[in-house]
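Contents: one structure, followed by commentary.
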Amino acid sequence: MTLTTELALLAPEIALLIMTSIVLVVDSLYDNPDRVLTYKLSQLALIITTGLVLLQFPEVSTHIMSGHFVSDPMSAILKIVLGLMTLIVFFYSYDYLLEHELLKGEYFILMLFAVLGMQIMISANSLLTVYLGLELLSLALYAMVAMNRTSAVATEAAMKYFVLGALASGMLLYGISMLYGVSGTLELPALATYLGAQTEANLLLVFGLVFIVVGLAFKLGAVPFHMWVPDVYQGSPTSVTLFIGTAPKIAAFAMAIRLLADGLQPLAGDWQGMLIVLAVLSMAGGNLIAISQSNIKRMLAYSTIAHVGFLMLGLISANQTGYASAMFYVIVYTLMSMGSFGMVILLGRNGHEADNLDDFKGLAERSPWFAFIMLILMFSMAGVPPFIGFWAKWFVIKEVIAAGHLWVAALAVIFSVVGAYYYLRIVKLMFFDKPVQMTAIKSSQEMRMVLSLNGLAILILGFMPGFLMTLCIEAMGF
Amino acid sequence: MLEHYIPILIFIVIGLGLGCVLFLLGYVLGPNRPDSEKNSPYECGFEAFEDARMKFDVRYYLIAILFIIFDLEIAFFFPWAVVIREIGMTGFWAMMIFLGVLTIGFVYEWRKGALEWE
Amino acid sequence: MFGFLRDNVWSPLAGAVLSQPYDGYAVYLLDVLIKIIVVVACVLFTFAYTTYAERKVSAWIQLRIGPNRVGVFGFRMFGLAQPVADGIKAIFKEIIIPTRASKLLFVLAPILALGPAFAAWAVIPFNDVMVLADINAGLLYIIAMTSLAVYGIIIAGWASNSKYAFLGSLRSAAQIVSYEISMGFALVCVLVAAGSLNLGDIVNAQSGKYGFLNWYWLPLLPMFYVYFVSGLAETNRLPFDVVEGESEIVAGFHVEYSGIAFATFFIAEYTNMILISILTSILFLGGWLSPFQGIPVVGAPSIFWLLGKTALFLFLFLWIRWTFPRYRYDQIMRLGWKVFLPITIVWVVVTSVMVVAKVPPWFS
Amino acid sequence: MIEQTVFYFFAGLLLLAATMVITVKNPVHAALSLVLAFFCSAAIWLLLQAEFLAIVLILVYVGAVMVLFLFVIMMLDINLTVLREGFSRFLPVGISVAVLMAVSMGLVITSGRFTTGGNYEALKHAADYSNTRELGIALFTDYLYPFEIAGAILLLAIVAAISLTLRKRPDTKTPKVEKQVAVHRAGHVRLVRMEAEKE
C-alpha cells in the first residue's frame, strides 16, 4: 500500500488535527469575548472530519501505518456517531458557557483534541495507539473538568478524576507491557494470533489481562472502579458533564472491543468471568445508589454506572452478535444521556444550575413540550417499551441468555425494574407536582430544536430498532 | 558498549567524592564557633520576619511545565538527527509535521501571554 | 598519550604492586582512575588560573593592576600564587550552617553542584584518541549532565531558609531551564549536521579541504552564537547573573554559604564555564583541527588547538562579564523564550534541509 | 560477573531509594530520593543496553520533571500535620488491604505456575552498536503514527497547562518593548529656547 492511499484513509484524523491547529491559532489571534469564530470553526472541524469518514466508508478492514491503524466498518460508524454527538454537545453547551461566564476558546479546542483522541482509539490496531489515544482523550478531559477554576467543587472533581484516571492509565500500561513482554508484539491481530497458538495457560498473560480489564473498568466507570464518576459528573460544569457522559463512552466501548475482541479474543474464557462480576456489580450498585440521590447530575452518574453494567452484558457472550448488541447499547445510551443532560442545561438559567430533582417539579405546567421530551428520555432510560432504551436492554439480555448465563439475565431484569423507579420518579415530579417557580424557559431556538430532535429520535428509533441493529451487525463484520 | 560506561561511573563517584572531601577538609580545618547572630539567616541586619519558604507565583510552574514539554521534544529530535540521512523524505517530513504541531503550540503560548514576564 | 602511559607505566607498576596480570581489572581500573585524576587535576588547575585571569582581565579592563603580591619565598611572579592562597584561605574558614537551615540538604547542595559539573568531563575528547569514555551517546550525556546543574542551586536556595537565597534560586532555576531549551536545540543542529552523538565523530565530521570554513560555525552561525550566549546564561555569568544580583538579592542562592562550601559553588561555576568553552570549540570550531590546514607543523590537528580555542572562549567569558551591564529579569526571560527559541527552531529546519539537500561543502 | 554486581548494587539502591520516597518525613527529601531512584533505574536500563533511553530518563525525568516537582513541593508549604491526621484513622483498612495483597501475591508466586516461560538474557551488542540510531530508525519508519500522536499530545499538554495556570492579572505592569523601541525623539522631546534668567 502506498503512502498516498494510507494518508487518504487517515484523512479524518489529519483533517481534524489541522483544523484543531487552525482553531487554536485563530482563537489566540482574535480575542473577542463571544468566541463565535472559535465556536463556528470547531463545528466546521467536526463536520469536515465526519464528512471525510462518510466519503470513504470502508467495506473491508484495512490495516495501515505499519499496523497501528485500522479502518473498518465499525470504526467508521463509531466515528460518525462520535462526530454527531460532539456536534450536539457543541449546540447544547455554547449558551450555557456564555451564561455561566465559562466561555473560553480552550473549551472547544480541548473538546476537539478529545475527539481526536477518541478517533485514534476507535481506529487503534495496536496496544500503543490504544494507549496514546486514551491519553489524548483523558488529558483533554482532565483539563476540561478543571476549567472552572473559581469553583472548589470542580477543582476537587478534576483532582479526583486526574489521580484515579492516571492510576487507571498506569494499570492499563502495566497490563500492556506484560502482554508485550510475553508476546513480543504490539499489534492487536498479531497478539491474537500469538495467543491462539498458545497451548498452555501462561500466568503472566492472565496477569496482564487482569490489569487491562481493570484499566478498562476504570475508564468505563464500572463498579468497583466507579468512585470518580459521581464526583466528576456533579463537580464539572454541566456542559462538560454532558460531554464526559456521552462521547467518551463510545470510545471506551471501542477500546473494549479493540482490546478484548481484536486482541485478546483467545483469552475470552478468562475475561468473560471478570466482566460478569463487573457487570452485575455495576447494575446493582448503580441502580441502588441512584435511588437515594437528590442531585440529578449525581443520579445520572449512577445511572451511567448501571448502564455500563448493561453494556458489559453485551460483551460477555464474546461473539459478533454480542458485540453488535453492546454497540447498539452504547449508541442508544449516548443519545439518551445526551438528551437528559441537555434538559438539565435547558432548565438552568442566569447562572443558576438546575441540577436538583426539585427543579423538575411541575415542568409539565411550565413547558408541556419539554416535559414530554423528558418523559420520552426517562421512559427510554428505564427501558419501557417501545422506546429505544427497551430494545437496547432487550438485545443485550437476549445475548446473555444465548450465552447461557441465565442468572445474569435474571439479575439484569430485576435491576432494570429497580432502576425504573428513579427514572419514573422524575416523570412523577414533572407531571404531578406543583412547580417551585414559574419562570418561562428561555433558550436559543437552536438549542430547542436540537433537543427536540434528540428526544424525537429516541421515540422514532424505538419503532424501528432493526435499522440501527442491522448497522451494528454489519459493523461487526457480517 | 557497557565497558565505555565504567569510566563514567567512576568519574561521577569521584566528582561527588571531591565535593565531600572539600567539605570535610573545611569542616576539619576550619574553626567552628557558632553564635546565634552569626547563624541567623541574612536579612540586611534585620531579624528574620517569617519563614523564608513562601508560596510563589504560578508563572514559575508554567515555565517549568513548558520546559518539560520542550525538553521532551528535544529528546525526540536526538534519534531523528542521528538517522536523518537514512530515513529518507518520509522521516524528514514526519519530523517537520511534528515540529509544525509544536510550533503551533509555541504560537499559542506566545499569543496567550504565557511567555510574558511581568 | 594515555595509551602509552598505560602500556609502559601503569601496567608494570600495577603488576609490581598488586602482583596481578597486566591486563586484569585492577590494572584497567587503576588506569581509568589515574586518567580521571589527571583530567580532574587539569580542570582544577584551569579553574584556579581562570579566577586569577578573571581578576587580571578585570583589572586590565578597568585600568587597574590586579593581584600582584602573593608569591612564593619572596618571589612575587605577578601574583601567580594568588589562587593557591585563596584556596588555603577558603579551607581554613568556618563553614557556617544557619540555625534554621535544613542541615543535610545545606551540605548536600554544593556537592550536587560540583558532581555533575565534573561528571560531564568524562566524555570530552582531547584529540582523536585521547578520550576517557568514548560513548556513542556523548552529546546526549553532556546535555543530561548539564541539566542537573540546577539541582545544586535549587536545593541550596531552599535549604538555607533565607529569603534572598530562595529568591535567587527560584530565578536561577527558571533562567537555567529556559536557556537549556535553546541550548538543546542548538545541540540538535550540530547533531543533524554531524549525524552522530559521539563528540569525536562530530569533530571529525568538521574536517574537510577548506580548513576552518568546513567547521560548523559557518553553516550554524546563529546556533554558534545562541549556544555560547545560552552558555553564559546557564553558568549564571554576567550579563545574566540576576541569580546573584549583589545589588538586590545580595548573593542569591549562596548568600548563606561560607568558606569551602562557598568555594565549592565557585568551582562548579567555573568548571561549567570551562566545559561550555571546550564544548563550543569542539562543536563549532572543529575541536583539535587546525585552521591552517595543509601547512606543515601548524596544519596538523593537535590538542593545543583545542586548548587554544578553549582559552579564547574563556577569555570571551571574562571580557563579556566586565563589559556588559546586567539584564533585567524579564529581559532575560524574553531573550530566552521569544528570541532564542524561535531562532533555534527555525535553524533546526534550515540545517536539516541543508543536510537533506546535501549542501556542499559541509554536507555533501 | 561484574555486570551482576553492578546490577545488584543499583537494584538494591533503587529499592532503598523507592522505599525512602514513601517513608521519609520531609517531602523534599522524598523528592530527592525519587531522583536517586531514577538514577538507579537509568543505570539498570544501561545494563540492558538501552543507552539512549537511560540517558533520556535522566535528561527528562531528573533534569525536567523532578525540577517541577521540587518547585511545587518547595513552594507550597505543605502542612505535614494535616496530612498525617488521617493516617491512624485509615491504618486498619490500610493494613488489612496490605495483608490481603501480600497473601494473594504469595499464593500466586508459590503456586508454581508463575513462570515467564524461560530465562531471558539481555542482548549483547557490538561496541559500535548505536542504540540511538536503531531507535531512530524504528521510530521514523514503523512507529511514525504513534510518533505523530505523541506530537498531538504534547500540543494538548501546552494548551491544557496554559489554560489551567495562566491568569490574566490586570494590576501588573509589563514594559511594552515594541513601544519602547518605537519611541521617536519628535514625540517626546521639545526643544525650547529660553532666555537666561537674570536676578
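When the chains are written out, they are named A, B, C and D in that same order, and each has its own residue count from 1.
Definition applied: a contact is a pair of C-beta atoms (placed from the backbone, for glycine too) under 8 Å apart; a residue touches a chain by one contact, two chains touch by 3 or more.
Treat the numbers as computed from the prediction; the structure is a model and nothing was measured.
Undergrad: Average the C-alpha coordinates of each chain, average all protein C-alpha coordinates together, and give the chain whose average is closest to the overall one.
TA: Looking at where each chain's C-alpha mean falls, the closest to the middle is D.
Undergrad: Tally the contacting C-beta pairs at the A-D interface and at the B-C interface, and name the larger one.
TA: B-C
Undergrad: How big is the gap, in whole Å, between where the Cα atoms of chain A centre and where those of chain D centre?
TA: Chain A and chain D have C-alpha centres separated by 32 Å.
Undergrad: Between chain B and chain C, what is the gap in Å from one C-alpha centre to the other?
TA: A distance of 16 Å separates the two centres.
Undergrad: Quick one: chain B and chain D, Cα centre-to-centre, how many Å?
TA: Their C-alpha centroids are separated by 11 Å.
Undergrad: Take the average of all CA coordinates in chain A, do the same for chain C, and state the distance between these two points in whole angstrom.
TA: 55
Undergrad: Quick check: what residues of chain B touch more than one other chain, meaning two or more?
TA: Chain B, residues with two or more chain partners: 1, 4-5, 51, 53-54, 56, 60, 64, 67, 71, 78, 82, 90, 95, 101, 104-106, 108, 112, 117-118.
Undergrad: What are the residue numbers in chain A that touch two or more other chains?
TA: 17, 21, 24, in rising order.
Undergrad: Among the residues of chain C, pick out those that touch two or more other chains and give their numbers.
TA: As it turns out, chain C has residues touching two or more other chains at 135-136, 140-141, 143, 147, 158, 173, 177, 180, 197, 330, 334.
Undergrad: If I apply the definition of touch given earlier, which pairs of chains qualify?
TA: A-B, A-D, B-C, B-D, C-D
Undergrad: Which chain D residues qualify as touching chain A in the complex?
TA: 108, 111, 113-117, 141-146, 149-150, 152-153, 155-157, 159-160, 163-164, 167
Undergrad: For a test of understanding, state which residues of chain A touch chain D in their complex under the given definition.
TA: Residues in contact with chain D: 10, 17, 21, 24, 65-66, 68-69, 104, 106, 109-110, 113, 116, 120, 126, 128-129, 132-133, 135-136, 139-140, 142-143, 146-147, 149, 181-182, 201-204.
Undergrad: For the complex, which residues does chain C have touching chain D?
TA: By the definition above, chain C touches chain D via 25, 102, 104-105, 108, 135-137, 140-141, 143-144, 147-148, 150-151, 154-155, 158, 173, 177, 180, 197, 330, 334.
Undergrad: Residue numbers of chain C touching chain B in their complex, please.
TA: Interface residues on chain C, with respect to chain B: 29, 32-33, 35-37, 40, 90-101, 107, 110-119, 121-123, 132-136, 140-141, 143, 147, 158, 160-166, 170, 173-174, 177-178, 180-181, 184-185, 188, 191-192, 195-197, 250, 255-256, 259-261, 263-264, 267, 329-330, 333-334, 337-338, 341-342, 345, 348-349, 352, 355-356.
Undergrad: For a test of understanding, state which residues of chain D touch chain B in their complex under the given definition.
TA: Residues 3, 43, 46-47, 49, 51-52, 56, 59-60, 63-65, 67-68, 71-72, 74-77, 125-127, 129-133, 135-137, 139-141, 144, 147-148, 150-152, 154-155, 157-159, 161-162, 165-169, 172-174 of chain D touch chain B in their complex.
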